[in-house]
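Structure incoming, see below.
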Amino acid sequence: MSAGLKGIRCAVIGGDDRELYLISELQQQGAYIVGVGFEKASPISGMTLAPSLEEAVGQVDVLLFPLFGTDECGVVKAKYSDSPIVLNKKVLEAIPAQVPLVIGFARPDLKSEANNLGIKLVETSRLDELVILNSIPSAEGAIQMAMEATTITIHGSNSFVLGLGRCGWTLAHMLKGIGARVTGVARKPSDLARAVEMGLHAVDFANLKDEIGHAEIIFNTVPHQVLDRLMLEKVTPDAVIVDLASRPGGTDFEYAQNLGIKALLAPGLPGTVAPKTAGRILAHIYPQLILRHLTTVNTTCKVEV
Amino acid sequence: MSAGLKGIRCAVIGGDDRELYLISELQQQGAYIVGVGFEKASPISGMTLAPSLEEAVGQVDVLLFPLFGTDECGVVKAKYSDSPIVLNKKVLEAIPAQVPLVIGFARPDLKSEANNLGIKLVETSRLDELVILNSIPSAEGAIQMAMEATTITIHGSNSFVLGLGRCGWTLAHMLKGIGARVTGVARKPSDLARAVEMGLHAVDFANLKDEIGHAEIIFNTVPHQVLDRLMLEKVTPDAVIVDLASRPGGTDFEYAQNLGIKALLAPGLPGTVAPKTAGRILAHIYPQLILRHLTTVNTTCKVEV
Amino acid sequence: MSAGLKGIRCAVIGGDDRELYLISELQQQGAYIVGVGFEKASPISGMTLAPSLEEAVGQVDVLLFPLFGTDECGVVKAKYSDSPIVLNKKVLEAIPAQVPLVIGFARPDLKSEANNLGIKLVETSRLDELVILNSIPSAEGAIQMAMEATTITIHGSNSFVLGLGRCGWTLAHMLKGIGARVTGVARKPSDLARAVEMGLHAVDFANLKDEIGHAEIIFNTVPHQVLDRLMLEKVTPDAVIVDLASRPGGTDFEYAQNLGIKALLAPGLPGTVAPKTAGRILAHIYPQLILRHLTTVNTTCKVEV
Amino acid sequence: MSAGLKGIRCAVIGGDDRELYLISELQQQGAYIVGVGFEKASPISGMTLAPSLEEAVGQVDVLLFPLFGTDECGVVKAKYSDSPIVLNKKVLEAIPAQVPLVIGFARPDLKSEANNLGIKLVETSRLDELVILNSIPSAEGAIQMAMEATTITIHGSNSFVLGLGRCGWTLAHMLKGIGARVTGVARKPSDLARAVEMGLHAVDFANLKDEIGHAEIIFNTVPHQVLDRLMLEKVTPDAVIVDLASRPGGTDFEYAQNLGIKALLAPGLPGTVAPKTAGRILAHIYPQLILRHLTTVNTTCKVEV
């Protein structure tokens, strides 16, 4: 598959170190890269820097935006640029209909705008495959945070994983591998059955309040407030909470602080703790994604994964 | 929950050693047991033996049939009985409307019959939770068969797991725990991503034909013929196949034999290799299932899980 | 190293299927093989069958006897022969001084005889490396026996490993990998510390009598009677004992039977359960062993490893 | 064993947070604690602070010095004190003959001095049990350092462990648990055999130079320079080295820096990364050690473990 992208022009827009690894990988597969927002990075041989997003969109076959998407004003975070990159209506209108716009998280207004304009929007945060692979650097980052924040070892600790989804399983697996006594907390009987098979102590969320007092380290992956006041009052003050759920997390952080419980929010770990691995993951998934969306030209827009 | 079934009358009809463990567990939780098809078992204190299925159905609150259900003539397998137990129309008509009929696999004609008669049919083979827990004795049984059939150790072997579903994951997990080099074969990108996370060699079914030649032991869990003639021709004759898919399995057994490949069908392992564990699993799941279906009285029948 | 044994003449004397794999491997490395005791095996291309042991010893550079050595009369077990092969004084006297005699277990009289005659005796059962590698098929064989003898799964069982030596660690590791709750029993504080690191429940032999009652499966590796009457009386009758210690094992088998406890002696597993793997292990170790002992010619005999 | 130290007076001299956990644990077992070097710590109820080491030695039954012992001038590191604590000849002379002096590492001059004075010196760094238990926080600390220093995940990385001793096994075990591809490097064939059993890629030190180029993360535990210039030249510049061997480590750090290889020395991790766990380990081992050395009163000094 080494030259599978031969002749395909990709705009890589903003992002962080992950995108540097991605660019290099796409180039190796034959792609021609137009970069937006990389003025401050070490020069990348073979990449053309576009002076602006507007000028880039007309020159390429596919647009690659970062995983975390844009903020509420449409600004794209770009670690290697000082000039703001904004994905606004004007830019959207300049995108040719057959050019897919690949982005991690798309805000509702971006979705509806793209829909109106007939733009093919590909939201990668919906790709199970990507989310599972990204759960690996996320879990390692969370474990690293726990190692830094505790005075005990993970090995032999009572570690709780709240939520056994795509990230929860990875965390549980690694914690067990390090030697922790892992409690897996879920609601679905099938997830609890799998937890038993994996050798976890399986606890239904309905019974969490009776068990949480044993926890020395708590990893939360549930994106709504499971660690609320009532629950936190049952947590021992020595415990450490690492919350991986997307902002604002699933913990009442203020109340935790009042109780003297160390609670940490761990958002966007892959790009921070292991940009090279996270870049490799993108590089593993994007080429096939690009090829798939270039060959099936849709005339009507819909959000696709 | 120790007396959660107090006063509830359960008919346990046929089955094997699992049912003996189940009966004892249900009794401990306070249930009153009417047995059908246990004349040859050691007497169980507190259990009433019903002379026939017809007489049992009118006396109880819930009917518990075995996991493997009935054969095409409605006969219920009963290890501890010599007289045939038949679940026929006459019996079905005798079941009071509010009495749930719990059974593992229900044949299509049983379903439609039950539907016509307004019987609440609960098909446990559809319970993810039960299937996952049963995958543990299944996987161990399959590994035991592989140990017996091979001249090599599982440790260090190239073991392939075809199909990463409820049973496939359990198998992969155990094989890895014993020290095998495990290849996980699946179709869904998200399953392949999870396989990578688990440390398996992840292979798409589309590429299986290029990889299968390395396999020393092959475990199949896919219920249609994936190990067909074309695939078997790529398998080394020393390899051993253990097929866990429900009859007739996913292997062309005749052709495998022609090629000199040892291929074994492994159906219904839990009750054979670890009846006590399999009984405990039923005893873990049935009380709550019974309570749930007794309290929510439906007047119309539908297949429920 | 593929032709590292070029020109070296090896006598392979008796043994079982392992030796067939060993012969083929030694041939691939360039050795010339003289076989004794293989008349009933399928003919092996390139191997010369010697009519008797006496005639073989004068023709070769090294003598390879089986792992289990000889019986008290000097008889060498040979699966593929009906004529007895005897390693007696006459044979020993015929061995040229520089020809190493490689054997698994050497009885005391063989040792003293060899010593008197100045024969270089290499006792492989003393090779830590070999014993550790052989512990892999031994452990798998023992686990297979436990699977066959129990009505429960290894997964989730309370499994005890008595003795944390070369075989004990392997067993503990595999049992944990399958999902058992493993108790490791040892005497040395450093072994108990390692057991803690490995995630086992670590128990000092001094406290075994207080813990053994929880065991569902007991694997013994200690070669003296640890499972004596007093200890067996604390074992639950449902438990299964698999004893891997060399004959007569570490269990009072008669008393176990009186108590209704299933107790199995598991001797010589590698050659039985996984002859191919066991043969590969020999083939991995013997070439270097042969080269080492051929190049350093000793004139005085001592038992070497 | 909760009051096993009742009436025993222990001097705890210097150290770090570990000693705080140790003190509390010894107190719970009934010991009376005299502290030296804890003026700046939060007051510990029930502990008497001795104004100086000289005054403490005459009042107690046992002297507990930190694991890292003294520096070349006899100074004892004390995190919670500003006044220097010196273990000099004058202090040694003041120690009553039957009072054991427990210390981690004892310098040669301390040993000979103690020997001359007939002091019972107990060097805990020689206790296999303690070293193995301490390898757990050490390994976690080293892995944490690797996580912080790399741009890749441990999961999926090629991680090398140089030296399979008490710390090496723990590291290998944990790295494998996180999902790394672990290469274990050792010299003894029995260690390499165990590495194979554990599922590591086993490499003899003699062949390390041919393999080291594949390493992405290198953990060294060998206390002499294995990562010398010749070896470092074969390491990829992206690799990260974490050296756990006691000062000065086993790496030519200056040369590594010249080559652009990130190399980190990781000494004394247990007390830094997981003081509570490290304190619990001391508290697990010291009570029995104290009792053993108090009951067997020796009149002549020898270094004991």
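Letters A, B, C and D mark the chains in the order given here, with residues in each chain numbered from 1 onward.
Just so it is clear, contacts are C-beta pairs under 8 Å (C-beta built on N, C-alpha and C of every residue); 3 or more make two chains touch, one makes a residue touch a chain.
If you're wondering where the values come from, they're calculated on a predicted model, not measured in any experiment.
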Intersection of contact partners for chain B and chain D: A, C
Chain of greatest Cα-centre distance to chain A: C
Centroid distance [mean C-alpha coordinates] between chain C and chain B, Å: 39
Geometric centre distance via CA averages, chain C-chain A, whole Å: 52
Chain A and chain B, separation of their C-alpha mean positions in angstrom: 38
For chain C, residues that touch 2 or more chains besides their own: 136, 155-156, 173, 179, 196-197
Parts of chain D lying in touch with chain C, wherever the complex brings them together: 127-130, 132-133, 135-136, 169-170, 173, 188-190, 192-194, 196-198
Residue ranges of chain B touching chain D (in the complex, touch as defined): 155-156, 179, 196-197, 199
In the complex with chain C, residue positions of chain B that touch it: 17, 136-137, 140-141, 143-144, 147-148, 150-156, 173-174, 176-179, 273-277
